[in-house]
Amino acid sequence: MALLELHNLTRLFGGLAAVRGVSLELHLGELVGLIGPNGAGKTTVFNVIGGVYPPTSGDVRFRGESIVGLAPHDVAQHGITRTFQSIRLFGGMSVVENVKVARHHRTRSGLLASMIRTQSFRDEEAAIEADAMELLRLVGLAERANDAPKSLPYGLQRRLEIARALAGAPDVLLLDEPAAGMNHTEVDDLVALIRRIQQERELSVLLIEHQMPLVMSICKRVYVMDFGEVIAHGTPKEIQNDPTVVEAYLGSGGRV
Amino acid sequence: MDLILNQFINGLQRGSIYALIALGYTMVYGVLRLINFAHGEVFMIGAFAAYFAALMAGGGLVVALVAAMCACGVLGLLMEVGVYRPLRSRPRLTALIAAIGLSILLSNLVQALQFDFRSASGEEMHFSGASYTPFPADLLAANAHYRLVPGREVYVTRIQGLNLGVSVALMAGLWLLVRRTALGRAMRACADNQESLSLMGVSVNRVIAVTFGIGAALAGAAGVLSALTYPRIDATMGLMAGLKAFVAAVLGGIGSIPGAVAGGFIMGLAEVAAAGALPSSPVDYTPLADGVAFALLILVLLVRPQGIFGEAESQKV
Amino acid sequence: MSALLNGLRGLWQFWPIAIALGLMLAPVRSRKWPWVIVGSTLVLTPLALSLGWITLYAARMEALIFITAILAVSLNLINGLTGLFSIGHAGFAIVGGYAAGILTTFVFQLGPETRLPLAIPAFVVSLLLGGLAAAAFGFLVGLPTLRLRGDYLAIATLGFGEIICVVLRFITFRRPVGEQVFEVGGPRGIQDIPAMPGLPIPGTEVAMPVLASFVYSLVALALIVWAIRNLSFSSHGRACAAIREDEVAAEILGVDTVFYKVGAFTIGAFFAGVGGALLAHWSNMLHPSMGGFVRSIEYLIIVYIGGVGSISGSLLAAALLLICGETLKDVLRDRDAWRMVLYGGILIAVMLWRPRGLYGDREFPWLMPRGRSTDGPA
């Protein structure tokens, strides 16, 4: 049984099938890639897994149980977090606060304790601060903890998104184009970071990416989507030589 | 039965006033995605503009109507150019708060004014915004009534007829403008996609300004018509009427011109029905009829926020 | 010229508040500082009153400043911290006022003859129950408006506020007391709400109601500001701020947005209810119109001129606006309507040229918890 399973997932928007009959598996500790031309439905898959909208048909199973119908915050609490295709940092909050808020669902202090600042509340705040700073150190943002996210260069903003996603202590991490807009050095750093995160925290990662070198170097397996369907699946080497994949990319002027 | 028909005519008349005001809300929302909180005050100023036109200039109904519509049109233009245009690049909330500020400023400005003036017929008069002002409806329209259906006690007063006639004429005029003229096309495009419109060489600012002006002029006309029917005008009349007309616009689908018309008539009829259904004494239940408007609003927002003719908005994640 | 002198005199009568404002603006980081501010204000005004250095009227107005500040910071919790656009706040306040007023007038029947050990707890209990009643309404407003955004949410909250006023116009409460039947409510509202209970110190009978309202309002304000500030700088507060920044992202990251949005309304309404209960006993009467749009706008103006999201800004703006209002009343005399024209103009000007208000989202240094920069609440 895989950690995360999609069974024949379909999501219609009006008459348009953004995702049709998609099945995939993510096993414990794996790093799996999800690639495909723009508009293939990859982010929609993430949205359905995350509960942003329910599937029209099909199932999403986490640890064997269906999570369809859960509100997005419940999905996060169950242990699946994500980053976004376009950066969605909380601009009015500092870097460290962005990370802290993602850890919120794990805090125990209630309303009253917060309002009168009991000792247990203070202890928990200290723990939250410590955890958040540790994550920032992991992604290399510790010195910028109190800065505004907008003041960070693009690459660091992406890292902050990752730190934020990790704050929820997930078992499954969904990364939506984490390397978008990065140059070669930044991509290499990102690869090293993802590898390290995965090993240290025993995470299972599902990665949407366009940058082939990144996908090829770290993904154990890759699913290829086009027009809402999975058209190929295998190791990076296998799908690189798959004619359907090549056609899908070249046909839309994509880059392989 | 006769009572119901008479009340129906009443409802249509009130509805036509709401519809005219609602049109202004909906047109501005269509091009700016902004609720012009100060729109109700424009309605109020229309009534006062007509008052002064009738008394100081001695004109008849047509003069008063034209004066009100011109004055309000200019006011609408000033609001857009002076307040809303500079705020266009800011978050919508900022403009909304500024609109609230405008509303407070305008209604209290009229309330604060006090001065003496001489009427066209040579009388010395005193205007005080703090109290009710009697509108010279009789100067403008004789108070006759006509039997609508022979054999039954169903009447239409001359003022009601004027009210409905002018309203429908204005709405028809707007319809023609929006559907048949280049300006109307520009307005519709502006509500749809402003960037493309400006790329095609149309001055978006100008279209928006005109939209504001037309919406305001309609509200001004509504002010005159309302003053004819309920000839006690005061500086606070814009608040309630504006709120109810806004509910009407939301009911019909904010941004939709047919929606504003439909919503306005529904609101007028609903109000009259609610007032009629309630006992008239010993307690004054009219505020409860006002409450109907808000209850209707909450209902619409919960059940079908896009209104009758509107389209649901969806967010991309 | 006389207008100017009147104005200056009007301004001068609030000198204790000026001192308090000065203390608040001091760039002191010590967390003992709030004690200094509250303590000095608590002592200064009664002292000045007994020495005849300020008028009874001014002391009464100071209490109103505190009450208005309570309503402003409670609104800030909803609009500023959580980013909801609620413009019917006076509706919550008036529910609290009615609940508490009915309790003290009817149930506890507080009056000058009520014995002290009963009067004060009874009053405090009425305040809290008023808050709870308002909180229930906050919950009822928060729940159905969850999916509404921006303008729509504003109009819906406005509508709810007006509905509350309309309903209050028609509900009457009857209670047989002895031979008579007391009836309150309806279009006349509630009259003869008892004054806040004070201490029977000999020689202070006249000033005691004013003193009592001063003390209760100040203490309530201090406690409420402390609670709201603690909430803002906690995990709960961060969750609300995230909702304000990007609701969808917050939800996806694990924040239960339904819970926190309804929670914001409920908690904000609770504090507003306490404020409304205090207001009812300050003015000794309540009228349904006091829960309407016009009042709500007043609180809105204070919050946005002070800087939405800043507790400090709301405190400053509440004091400044009320003081300016009183001063203007003296200057303008019978032309008081111009005051509201001015407020409208100021609001527009602020939105045009300084939309972040007086304080943006910053706070006084002594309001920030340990180890934070002077950034905003979240």
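Some observations on this one:
By letter and in written order, the chains are A, B and C; residue numbering begins at 1 in each of them.
Simple rule for what comes next: a contact is a pair of C-beta atoms (placed from the backbone, for glycine too) under 8 Å apart; a residue touches a chain by one contact, two chains touch by 3 or more.
None of the values given here were measured: they were computed from a predicted structure.
Taking each chain's centre as the mean of its C-alpha atoms, the one that lies farthest from the centre of chain C is A. Chain closest to the overall centre, judged by the mean of its C-alpha atoms against the mean of all protein C-alpha atoms: C. Chain B and chain C have Cα centroids lying 34 Å from one another.
Rounded to whole angstrom units, the spacing between the C-alpha centres of chain A and chain C is 44. Centroid to centroid, with C-alpha atoms defining each point, chain A and chain B lie 51 Å apart. Among the residues of chain C, those touching two or more other chains are numbered 248, 252.
In chain A, the residues that touch at least two other chains are 52, 84.
Across the assembly, chain B contributes residues 317 that each touch 2 or more other chains. Contacts from chain A toward chain C in the complex involve residues 50, 52, 71-73, 75-77, 81-82, 84, 88, 90-94, 97, 100-105, 107, 109, 111, 114-117, 121, 124-125, 128, 146, 164-165, 168. Interface of chain B with chain C (complex): residues 33-35, 83, 86-87, 90, 92-98, 100-106, 108-109, 111-112, 129-130, 239, 243, 246-247, 250, 283-285, 287-288, 290-291, 294-295, 297-298, 301-302, 305, 315, 317. Contact residues of chain C toward chain B in the complex are 85, 87, 144-145, 147-148, 150-152, 154-156, 158-160, 162-163, 166-167, 169-170, 186-187, 248, 252, 293, 297, 300-301, 304, 335, 337-338, 340-341, 343-348, 351-352, 355. Interface residues of chain C facing chain A in the complex, by the touch rule stated above, are 227, 230-231, 234-239, 241-242, 244-246, 248-258, 263, 267, 361, 373, 375-376, 378.
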